[in-house]
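You will see two complexes here that share chain A, one where it goes with chain B and one where it goes with chain C.
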Partner chain A sequence: MWPRRLSGGDAMQEKNISKDNFEQCLKCNLCATVCPMMAANPHYPGPKQAGPDGERYRLKDPKFFDLTLKYCLNCKRCEVACPSGVKVGDIIQKARLAYARQHNPLRDFTLASTDLVGSIAVPFSTIVNPVMASPAVKTLMDSVLSVDKHRSFPKYARNCFTTWMKREAASQQEKFTRFVTYFHGCYVNYNFPSLGQDLVTVMNACNYGVHIPDKERCCGVAMISNGFSAKARRNAMTNLKAFRKTDETILTTSSTCTFTMRDEYENVLGIDTSDVRDRILLATKWLYDKIERGEISLAFKSGYHKKITYHTACHMNKMGWAIYSTELLRMIPGVELTVPGQKCCGIAGTFGFKKENYTYSQKIGQELFDTLKALEPEVVACDCETCKWQIEMSTGLTVMNPISILAEAIDVEATRKLNSR
Partner chain B sequence: MNQYDVIIIGGGITGVGTARDCALRGLKVLLLARGDLTAGATGRNHGLLHSGARYAVTDRDSAAECIRENKILRRIAAHCVEPTGGLFITLPEDDLSYQDNFIKCCIDAGIKAEAIDPKEALKMEPSVNPALIGAVKVPDASVDPFRLATANALDAKLHGAVILTYHEVVSFIKDKNWIVGVQARDTRTGKTEKYYAPLTVNAAGIWGQNIAGMAGCQIKMLPAKGSLLIFGHRVNNMVINRCRKPANADILVPGDVVCVIGTTSDKVPMEECDDIRVTGDEVQLLLKEGCLLSPSLAHTRILRAYAGVRPLVASDDDPTGRKTSRGIVLLDHDRRDGIPGFISITGGKLTSYRLMGEMATDLVCDKLGRRSRCRTAELPLPGSEKELFDSAKGLRIAEKAAIGRQGTMVSKMDFSHKSEILCECEHVTRAEIAYAAKYLDVHNMMDLRRRTRVGMGTCQGSFCMKKVAAALARELGCPERTEEFIREYIEERWKGMAPVCWGESLCEAEYMRKLYADKKE
Partner chain C sequence: MKFDVIIIGGGLAGCTAGVALQEAGLRCAIVAEGLSLHECPREKFIELGGTIFPGDRVTGGHIVGRKVKWVETRNLDGTLLEADNFILATGKFFSRGLISNMNEIYEPVFGCDVKYDKNPAKWVSQSFNDSQPFEKFGVITDAVGQVSIQGNTVENLYAAGEILCGERDIVSSALDVAAQIVGR
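On to the complex of A and B.
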């Protein structure tokens, strides 16, 4: 009578591995203890309730979908905490994509359509930037679009990164024999081409040429979080198609783009990425690995000095890759690095731009802001652009991508010599 | 003071159904239940509201009876019934020719049965075995027997009935041959009390054999154990049956947020009926057959196993007791055995409980010389007066779940002050627990579980037990019993988990053990 595990010819119940490890949830509530939103917002039921617990009811009837799931930041801290490997965050994301209606369709579409808005804004950046920054427009956007007036949109660049690449850098790249493909992402392309230029500088110094994908679209993260799954899937297919045309490593400088393409495409959008996933890497991880294996060496400027605090973005935490960025920074002589405990900054991409979320966003980030201010760094290093906007707005500190710090610190000529053997 | 028009023995669906009918017809009713309501076969079955299709080939009368009652219950017990629809599927190893006769028999009995393309069936119910070669759609539905019985008991009380749970009948009070009352012992206090009525109705299910014996007559019950498995969540949203002669483990029913595969059928001796357990062989059989209906069961977590005893009655005309009837058996013991004042209502099934109550009450009224029309087919049960769920948009899952469980009775819950969720798996709030404690005859954690689903979810109470026990003890005004509540509850949970304790269920059980059993003094 004592329980026997079924075995033998049939594999019944040998493994009850389910999609998203849904079956594996033991209800221990560890996820609830790390959820930044749950601590800040009493209306959010928390990852366990919104995820596996709610899913049981949604399987019965989609009407059990709870509107408060919109508060999920998709930081995936719940998944990092789960001892049973339950994809708590993915379960929530998928429920939102399946059942949620847009609260504010025009605003959400505008926020999610980074490519569309970016390509319109860049040619008129000299007009757009001051207009967007003016208090009158901010107030108008607040009342009409419900985009919070405290937020500043990142400024648009004069020229797109891709334009610079084609005009200024593309021909020089062909001098190299080894290449990487750089997925620049929307932020670098429309707002902050200098980060892309820094990446090219570092790669070229390491004796690698840089290509850009044949056709690149926004990774789709904002579309996923705003409920535009069909658009996100179309973007994903375009990007993957471009990646499949080359066998070069796909490098990125944004943790969220990387995470989206490596994990969300497969887990949330259900697209098979197994053939390219391992080739999509954050530039800092790729560099660190190459240096570790002795395939790349860096030479640094003498007399460089910087007091840096590294902020671990949630998606860096999820990928477990923060260590590569911090170790890379530690290689720079003269860098004084501090890495405080991992705390969410609260912006979560487009989430924090929405008027109804602003208070929660700032409440979640407060602990991090206080920590950073107390450490008084010259710059904060961070692999995520939206964390950068949030920290710069909320602390007044300057935030730089580790690649830009590296570009600033290396002796380009000396590095090139080291790697041209 | 303890004088009633009718005493009903049995807290199962037949007992509460009869009590409701009697009370609605203006009788002064006392219902005595040995334990909690629904603690026997009523709470230990599939929760299937038969369309009758299952019996169409073998027992046309039962089938016709089922479909009539099925239609009535959808109307009067809307908050207990989920109109899922059902499929009868033919697999490659089954005889497809059975299907034609099956459909013919269904239509004969008044059941809308319609052959559909296997591909269409897969679209309607994606979890069905894709190897199927035939499918018939029937109006099966899922019914929550706990809810149904609770609503009947509640309505009986609202119409003046007295319901005493944990009251075991120990003897009959006779005046010559006449049964004029019963003596019952309160099993919680040990006190014995006499209750009088000109009529006593035996609705004690399988235990009716003993009650009849006590009254001085014989009913031969043939206890048949049926085992079932509960899975951690739904894999199917329609009832799935095998289209063949009824056999073991060939019905998979979605019930609330879980699904249930069953049953087996084995004769058991009467003495075992009070403590039946599921064996390893039964678990294997249920899983193997279940996977043929829906292959995903092979990797779905099993929460627990349980077994009930069908109250099958030997036909009066067959002294060997081999011939059984699944139909309703109403015995007038005055005529049959010369014992006036005593009636037995037994046999039947969950789906036909209302009809059983009607038949018994008709006889009761006849005996008492009352003329009153049965209204149980027209009046909705408390909770089912109107549909609330569709207008529940914007509410929390917990509030929607409470509406699902208690229907319109949520109006009696104080969500503004007691909104915190105590049982997270099943989204049960303090408000619902307070409501159950106040209105639904709850005396311990097991009773509370049957009324609210507390602790029925994935963690089987591991994480909510303490909170719920404390809340219940407080609502009942006996905070000193909190620890006792917890202890009883763990034992009971463990009984159902033990037969399926592997994989995630084992992890969960170990977790529970660490939390509660390993406490160092």
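On to the complex of A and C.
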């Protein structure tokens, strides 16, 4: 190792006293050139104005808070672009949590309360799914709740992932000697248990047993973006407490859950996560690193073939981890992979479900939709569930999590043999 | 993670070299903190199958003998980036490829040898309209574009673009380095 000197933004930090590096903003406007919302919506002042510039005024008097900050997607593309290390997105998120008033509290609460709504909907999924999909209900929700009628809510599963785990898989897990803890998140639990089952398949084939945290809540991203900071903080504390009870690695299959727990808990909610942060990993990163170190080997089915395009979710781009998912997919013989330049799909979680945002959401995603359609993949691979809903709705293409593609492509028996040494 | 060439810096020089190397069939990755104003070469690089680590920064690495073995980055969190050759294209002061304080000017990633006037009073010319001496400060390279650290040439580390000392054209210096690597 060579001796380290201060580099990049840090080199200017010797005398820095501002939070989120906001004093380091040089007003270069690079963030504005990558902001997807600014390009689609003339009412949004853009990341520089909404973030570090506006912060100067808000510090003097909160009445300078600008309501148009609600348009920020929290995609963090501004932070990726910033050459000075300014936490532009964090500044905007924190300002919203501190000063914004709820515009439509009932709707926002419903959209943000994924655990509450999910646990009510799952037992009645056979009724809830067709009802939510009916045009009459969609129109009603559009006019009463301002949830856009073009949107389809993800279908609820018949059984929660946790129920399946307890009934079908938990006893199997105890045969293993090494374990990971799987933070499944709301989407896998209430809507899409098959992704969780795929993770269990892959992990078990790699000779790892899977535990689930004894108490898990939604990571809280929807609460943060809808202004329910106290609730988000409560969820964070519950999750962190569960993580601290184990020393196993915490794996996730959602880029946004990972990003929220690793970075937003600390940077936006101000919670100290330093003792667990490094243990919270996206399953694809964990797998890639294990494979590279020779600790895990995968055997693939012969004759598997798929033409895949990988879509880099914005939070994946921010974490810089898309490479792990794409490299894993490239390991599969018979996979023809394309990775176009990173573009935002426009949905930004609950943002795109809101009636007032629908047009912006689709306008932002258009470039991505066109790129994906032109590439004509059999499936789009993506680590984010809300990107999945948006791309499936807007392009008609099927979107799969890389873990599900792996589960489909590996030869489970052969992989198990390789890893049972 | 192994690549043929790892380029540090995703501006005009880094992306130009990346495009030339990808076209020559080498597998490249660019660690690009901040954003390049030059979208064309960056898009071309992606189109050619190049890998970009966006918003990421090299935080350390390992030099054995006279060769860089690997570097690690802030985001990749423990994954080592190995390559046969490395290119340093992090630009000058604004992009912080060079750091100046009151006494010295240094290159922060590898600590490469930098050519600059040891007397800080001579860094700037008093008239705003003059060409400024600091504009010509930069990393020292040998005839083939390799840099040195404390006087020792690093055989697989090249520098290209704005970071170089003297008056070198960004694009041609990047293409020269790429040609040098392809020819090896």
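What we mean here is this: the second predicted complex is superposed on the first by the 406 of 421 C-alpha atoms of A that agree within 3 Å, B and C clash if a C-alpha of one lies under 4 Å from a C-alpha of the other, contacts with A are read in each partner's own complex, and residues count from 1 in each chain.
To be clear about the criterion, a contact is a pair of C-beta atoms (placed from the backbone, for glycine too) under 8 Å apart; a residue touches a chain by one contact, two chains touch by 3 or more.
Everything quoted here is computed from the prediction, not taken from an experiment.
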(request) Give one of first, second, both or neither to describe whether A:341 is in contact with chain B, with chain C, with both, or with none. (result) second
(request) Mind working out whether A:124 is in touch with chain B, chain C, both or neither, as first, second, both or neither? (result) neither
(message) Once chain A of both complexes is superposed, is A:54 in touch with chain B (first), chain C (second), both, or neither?
(response) first
(message) According to the stated criteria, A:45 is in contact with first (chain B), second (chain C), both, or neither; which is it?
(response) first
(request) Using the touch definition from the top, say if A:63 reaches chain B (first), chain C (second), both or neither. (result) first
(message) Taking the superposition on A as described, I'd like to know which of chain B and chain C A:30 touches: first, second, both or neither.
(response) second
(message) For A:320, using the defined touch cut-off, is the partner it touches chain B, chain C, both, or neither? Pick first, second, both or neither.
(response) second
(request) Jot down the residues of chain A that show up as touching in both complexes, chain B in one and chain C in the other. (result) 1-6, 11-12, 84
(request) In the complex, go through chain B and note every residue touching chain A. (result) 232-234, 237, 254, 256-257, 277, 279-280, 283-284, 287-288, 291, 298-302, 389-390, 392-394, 396-397, 400-401, 421, 424-425, 427, 457-459, 462-463, 498-504, 507-508, 511
(request) Would you pull the chain A residues touching chain C in the complex into a rising list? (result) 1-9, 11-12, 30, 33-34, 79-84, 278, 285, 288-289, 292, 317-321, 323-324, 327, 339-342
(message) Looking at the complex, which residues from chain C come into contact with chain A?
(response) 1, 33-35, 37, 43, 46, 49, 51, 53-57, 59-63, 73, 75-79, 94-96, 99, 106, 108-111, 149
(message) So in the complex, the part of chain A that touches chain B is made up of which residues?
(response) 1-6, 10-13, 15-18, 22-29, 45, 48-49, 52-57, 59-60, 63-64, 66-68, 84
